[in-house]
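Both complexes below contain chain A, partnered by chain B and then by chain C.
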Partner chain A sequence: MAEVKYSWPSRDDSRVIGQSVDRLDGLAKATGAAKYTYDINPKNLLIAKALGCPHAHCRIKSIDTSAAEKTRGVVHVEILKEAGSEIEFQGELIAVVAAESEGAAIEGRAALKVQYDVLDTFTSDEDLAAAEQAGRTSKAGGKAQTEREPGDDDDEDEFIEKEIDRLLKESAHVVEGYYGVDAITHCCLEPHGSTVEWKDGKLEAWLSTQNVSGTDDGFARDLELTADDVNVYCEYIGGGFGSKFAPDYWGISAARIARATGRPVKFMLDRDQELKIAGNRPSGYIKVRIGADENGVVKVWDSVHWGTAGFTGGGVSHTVIPYVLVPKNYRRNATAIKTNNSQARAWRAPNHPQACAMSQTAFDDLAAKMGKDSYDVFLANLKAGNVDSQQQPAVYIAEMEIGAKLIDWKAKWHPHGKGQPRGSIVDGLGMALHTWGGVANDSTCQLKIYPDGGVESFCGTQDLGTGTRTVCAMVLAETFGLKVNQVKVNIGSSKFPNSGASGGSTTVGAVTESHRRASQDALAKIFDLASQELQADAGSLEAVDGMIRVKGSPNQAITWKKACARLGMKPLEVSASHKRGDASPLSSSGVGGIQMAHVEVDKETGVVKIKKFVAVQDQGLVINPKTCKSQIYGAVIMGIAFALHEQRINDPQTGAFINAELADYKLPRLGDVGEIVVELYEPEDQRSRGVIGNGEPPVISPGAAISNAVCNALGVRVPVLPLTPQRVLEAITKQASRA
Partner chain B sequence: MKAFEYAEARTEAGVLELLSAEPGKTELLAGGTDLIGLMKKMIVTPDRVVNIMEIPSLKVIEPTAEGGLVIGAAVTLDDLLENDYVREYPALVQAIRGINSMQLQAQGTLGGEVCQRPRCWFFRNGHGLLAENGTLAAEGDSRYHAVFGNQGPAKFVSSSRTAPALIALGAHLRVLGPAAEDESFLPLSEFYRAPRQAGQREHVLEPRQWVTHIVLPPPGDQHNATYEVRDSEGPAFPLAAAAARLELAGGVVRQAQIVLGQVAPTPWVSQVAADVLRGLPVTPATAEAAGQAAISEATPLPGNQYKVQLAKVAVKRAVLLAAGLETGGF
Partner chain C sequence: MTESRKHSGPASGFSRRAFLKGSGAVAAVTALHGQQAVAEQNQEDTTLVRGATTISLNVNGKSHQVKVEPRTTLLEVLRHQLDLTGAKPVSMDGSSGASTVWVAGKTVMASTTLALTCRDKEIRTVESLGGANPDAVPLAFVKHDAEQCGFCTPGFVVAVRAFLDKNPQATEEQIRQGLNGNICRCGTYANIIQAAIDLVKGGGNG
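On to the complex of A and B.
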């Protein structure tokens, strides 16, 4: 057999790749046939409910489980935090009650008697001075870079200080700004949790997870087993966004309770617990000065920012400040604040959405100050090479041109605050740009070709709802010249060959790598078999429309089935892998994208509405335009959520996370998102780079783009996201009292 | 959820037999969209739940002899939207449309809507309706709390979205109980109250009293409207709302009813706003003046000053809409 050269077919030769294919599991999901973790109900199931700590900071004095144990229907009570433990955030799970029904578990939980010593709380993450006074801050890194180097005798800090001052003084335009983004939660529609069952000493775990292949070890480690004693299943998942990589301590507890009781256990978090403890995105607030030349090209950036990733401190990494548009001279410093909140988890493009909203707002304020079109200021900085990105400036410029046409930028633009009002309504435009990696993760695909022509793949990946299953099938169908419904894709089980966790936009690259490799390897073997019958060189064959035929003479052909029949009695089994980071003709990394928002603001009520939102995104080769675009629509909606609606609200008195319910935790509805236009940017020079993930990048820009659009409408910056009516009105009032 | 007994009444009289005289022991179940959530969180823990959805007399929408309308407490919001008689009361229709959720409209009832419990996050997180005698809201995050009538311990806002419209339209409630033979007609404007002590409810009904019907006077010339300031098209509660009913003659306002919602522990009837309009034509300026007058009574908490502006705009826009004019905003 000749050595297989892995590659993608050209645009013209592709029959399946590049076509919009409906999700294979769409119908199952729409009809409810798809089984999520929540839907797994083995016989004899116990329901576990945990008691979350009501206080944001306390010490547990005592726990009395006797009444809970006596509650009708309660079978088992497990303590997770012993008396004496310090609890540093509201919602931390203290004890679990497993019972015959959900009602009994909740009643049993209510009968748990826990006494607490309530301690001081701190949750005011926007208030740096208060955090310092409370001793809650720590340095979180920083960096300074100047074109001029300090001399040998210079004190470096002093030199930088002087240099920044000089550059600011020499600037034609200086902007001093304050911007921020509140913490939000992952708010998965399906809360974290699992249903677990022991069978012959082995653990069967249906876990809502982004990491099917990696969580068996997670269970094994904490339960002192080996990974081969654990099977993890997740066919469908209702949202993870970076928060579902591990079994979590509640998953381990479920397994312990199942072992102790000899019964299967379902342990899902309650809605408020989901919001309080199962993932949040750090807040970020920044004070910045920038100096620019007469063309709006920024020469110097000087910022301090702060925020919280919960009780451990943390915050937005300084390494992405300023964001994408980076001048040659900058100084940035970060401060972490410890607040009484649970620890942040990776949230879709960690650090980038906040960094974008804290940086590109300043560039827009520069345009406002100069009375210039924001588009031109962004463009001038791209052209001046003020760029630190995984994508090329020329690509951004091309994408901006497309975006501007789609939103009709030039016709709709007006200088900041100078639009024509309709009654109390003013409109505005804003833009932002972003970058991301999206490298292909590790992945192995095991492929079976049956003598009857059946094709089946096995891969321990997961479909976060993004269309992973469909993409795998498309790749197999493309390679074998079959239809998508003629191949079967098996995913969502840790029994299948390892495939990386779905995080960092690494999945589509990973699974298309392994599926293309395995299918090309298998096809070469099928070609060998067919070549005997066709009496042609295997290298001259192609698989098209269910046939194996000789290139250039389509009549010299046998059916796919007939070729497979030559396998004899046994299926052909092939495995192929990709290793993250290995150079490959099939995938690469580094994408960019630009987004533009057209908003309307009611100046009397502070209500902001999205009229139109344009997203132009590159991601190398697009396998399935439909699911690729869906991913971007979803990201834009999620971006509108944190730009206008979503925030974790800590009550300043008690530290409680008081809006940890979907009724109070505000999210946009379809009527709130306006018209969203998505354009996939895929010219040949991008397509030829191979597959790159796009799960995260399109969620980065909406915050900055919408903030900039609102500023353009009002002529006033509403500094902190989400831009609630309260904040919009407060910004207008503040401006009016200054004037 | 606490284990409870489920009971179903088939007649109005049957309801009373199932209701306890002790507060909190029994709850009426209409659509359940509010009650079930409260029970799941154990904010409400009845021993018995009494379903009223199978009582035929509570499902009627019927004109009265005087030309008004009687609406059974178990009529769903959806049924109201589809009813020709109800269409004569635009303020009510607009309020129901504003709820913007097919599920709530299909399942929720008018009785339940009027009787729903406050959304105050301190209450819903288990701190009681007065939330430590008002201190949690006064010193904590009060962005959605009352800006009127909040000097007592009650700082929450009345949640009903139809109540401002119903009060402006002059609705009465038919109330039965506590004794089997007790029947009364209570103006809806007297139904709500700001509780002063823990354990008191946000309305005046005694245990074993309940609402069977909502009665509306004749629709008149339909110069009425509801305007809500909403930050989302979803089923989120408005930040402020107002309903206005105008009697116009010769181009000027003869009588006005202005009722604000989501700004006080009860729907807030603004006499001062109504007084400003009397004898004047409705213009953007007079509507603005009515809004301005309404907020002269505002007493915002440290964290909700912005709601005063929203209350003003809600009044102004409700008045403009009632007069058939443009609001100039969303």
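On to the complex of A and C.
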């Protein structure tokens, strides 16, 4: 058999790849047939409900479980935090009650008697001075870089200080800005949790997870088993967004309770627990000075930023500030604040959305100060090569041109605050740009070709709703010249070969790598078999439309089924892998994208409405434009959410997370999203790079783009996201009092 | 333990206060929060039940014997006893719309509806729109990829079906105004709007 050269077919030769294919599990989801972790109901199931700590900071004095244990229907009570434990955020699970029904579990939970010593709290993450006074801050890194280098005798810090001052003084335009993004939560609609049962000493775990292949290990470690003793299943997952990589301590608890009671246990978090403890995104606030030349090219950036990733400190990494547009001279410093909130988890494109909203707002304010078109200021900085990105400036410029046409930028743009009002309504345009890696993760695909022509793949990946299942099938169908419904894709089980966790836009590259490799390997073997029958060289064959045929003479052909029949009695089994980081002709990393927002702001009510939103995104080779576009629509809507609606609100006195129910945690509804236009940027020079993930990149820019559009409308910056009506009105009032 | 008793009329009937006083009802209050709506629904009912009892529920055209307590929600019965898990427990106060089902022809949140109040009423769930001949709404959701993780999707499918039944000629503006009872976190709204527009145009409303 000739050595297989892995590649993608050209655009013209592709029959499945590049076509918009309906997601294979679409109907199962839309009719309620798809079974999520929350839907798994083994016989004799116990329902577990946990008690979350009502205080943001306290020490547990005592726990009395006796009344809970006596509650009708309660079967088991487990303490998760012993008396004496310090609790550092509201919602931390203290004890769990397993019962015959939800009602009994909730009644039993209410009967738990816990006494607390309440301790001081701090949650005012926007207030750096207060945090310093409370002793809650720590240095979180920084970096300074200047074109001129300090002399041997210079003190480096002093030199940088003088150099930054000099550059600012020599700048034609200087802007001082304050910007920020409040903390938000992942708010998965299927809360974190699992349904578990023990069978013959082995753990069967349905886990709502982004990490099917890695969480068997997670269970095994904490339960003193080996990963062979644990099977994790996740056919469907109701949202993850970066928060569902591990079984978590409540998953381990479910397994312990199931072992102790000898019964299956379902332990899902309550809604408020999901928001309080199961994932949030760090806040970030920045003070910045920038200096630019007469063309709006930024020459110097000087910033300090702070924020919180919860009780452990942390915050937005300084390494992505300023964001994408990076001048040659900069100084940045970060401060972490410890607050009484749960620890942040990776949230779709970690650090980038906040960095973008804290940086590219300053570039827009520069345009405002100069009375220049923001588009031209962004363009001038790209052309000046002030770019630190995984994508080329020329690609951004091409994408900006496309975006500008789609939103009619040139016709609709007006200087900041100088639009023609219609009653109390003013409109504005804003833009932003972003970058991401999206490298292909590890993945192995096991493929079986049956003598009857059936094709089945097995891969321990998961479909977060991105269309992974469908993309796998498309790759197999493309390779074998079959239809998508003629192949069967099996994912969502740790019994299948390892595939990496779905995080960082690494999945589509991973699974297309492994499925293309395995299918090309298998096809080479089928070609060998067919070549005997066709009396042609295996290298001259192609698989098209259910046939194996000789290239250039389509009548010299046998059906796929007939070729597979030559396998004899046994199926052909092939496995192929991709290792993250290995160079490959099939996948790559590093994308860009630009987004533009057209908003309407009502100056009387402070309400911001999205009129139109344009997203132009590159991601190398697009396998399924339909699900690829859905990812971008969804990312934009999630971006609209954190730009205008959602925020974690802590009571400054008690530290309580006071809006941790969906009635209070404001997310956009269907009527709030305006018109969204998505353009996939896939010229040949991008397509030829191979597959790159796009889960993260399009969620990065909306905050800055929308903030900039609101600033363009009002002529004043509303500094901190989300741009709630209250904040918009405050900014307008402040502007009026200055004038 | 089962105990039930018929009340004769409104004077001695099932007022909200009386309901809350019942021992089973105390548990109901702990089972849910912010459920004035739940308690008020029970004013229609004239049977006082304590403890577990077996009742008959008509779901998707079939009669089922189910065991419920006064605090048992319709959602819990559907999901745990009938394995109809299309309706989802996203927010127990009903603010997500994920547990939307029909009871007596009206959409309700199964998470804030007590099972006992559904006796003798026709209950219909998202599963009734599936099967061998799926309804036009789920098909349009597939065509327009109006779903990602899919956890909110069943609730949205029922909401869209109910909205279009009432507004078969809905304009895009009406669609944008009329489907705000459901939350999607993945951000499928743009695609749902297209699915609904297509359904109006294509007449897939029957």
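One rule holds for everything that comes next: the second predicted complex is superposed on the first by the 739 of 739 C-alpha atoms of A that agree within 3 Å, B and C clash if a C-alpha of one lies under 4 Å from a C-alpha of the other, contacts with A are read in each partner's own complex, and residues count from 1 in each chain.
We take it that a contact is a pair of C-beta atoms (placed from the backbone, for glycine too) under 8 Å apart; a residue touches a chain by one contact, two chains touch by 3 or more.
Bear in mind that the values here come from a model prediction, so they are computed numbers and not experimental data.
Annotation for chain A, partner touching more residues between chain B and chain C: C. When both complexes are overlaid on chain A, the residue A:A635 reaches chain C alone and has no touch with chain B. Looking at the shared chain after the overlay, A:E604 reaches chain B, while chain C stays out of its contact range. Touch criterion met: A:E661 reaches chain B and chain C at once.
Of the two partner chains, chain C is the only one that A:N41 touches; chain B does not reach it.
In the superposed model, A:N485 makes contact with neither chain B nor chain C. In the superposition on chain A, no contact is made by A:T319 with either chain B or chain C. Contacts of A:Y236 after superposition: chain C is touched, whereas chain B is not reached. Once chain A of one complex is fitted onto chain A of the other, the partner contacts of A:P652 are limited to chain B, with no touch recorded for chain C.
In the superposition on chain A, contact is made by A:G671 with both chain B and chain C.
In the superposition on the C-alpha atoms of chain A, the part of chain A touched by chain B in one complex and by chain C in the other spans residues 102-103, 106-107, 110, 661, 663, 667-672. On the chain C side of its complex with chain A, the touching residues are 27-28, 30-31, 34, 69, 71-73, 76, 79-80, 83-93, 95-96, 98, 125-127, 129-131, 134, 137-139, 141-143, 145-154, 157, 176-177, 179-193. The touching residues of chain A, counted against chain C in their complex, run 22-23, 25-27, 29-36, 38-39, 41, 45, 101-103, 106-107, 110, 187-190, 236-241, 268, 270-271, 464-466, 626-627, 629-631, 633-638, 641, 661-663, 667-673, 676.
Within the complex formed with chain B, the chain A residues making contact are 54, 72, 102-104, 106-107, 110, 422-425, 600, 602, 604-607, 609, 644-645, 649-654, 656, 658-659, 661, 663-664, 666-672, 724-726, 729-730. Chain B contributes residues 1-3, 37, 40, 42, 100, 119, 121-122, 124-126, 136, 139-141, 143, 229-236, 239, 306, 309-310, 313, 326-330 to its touches with chain A in the complex.
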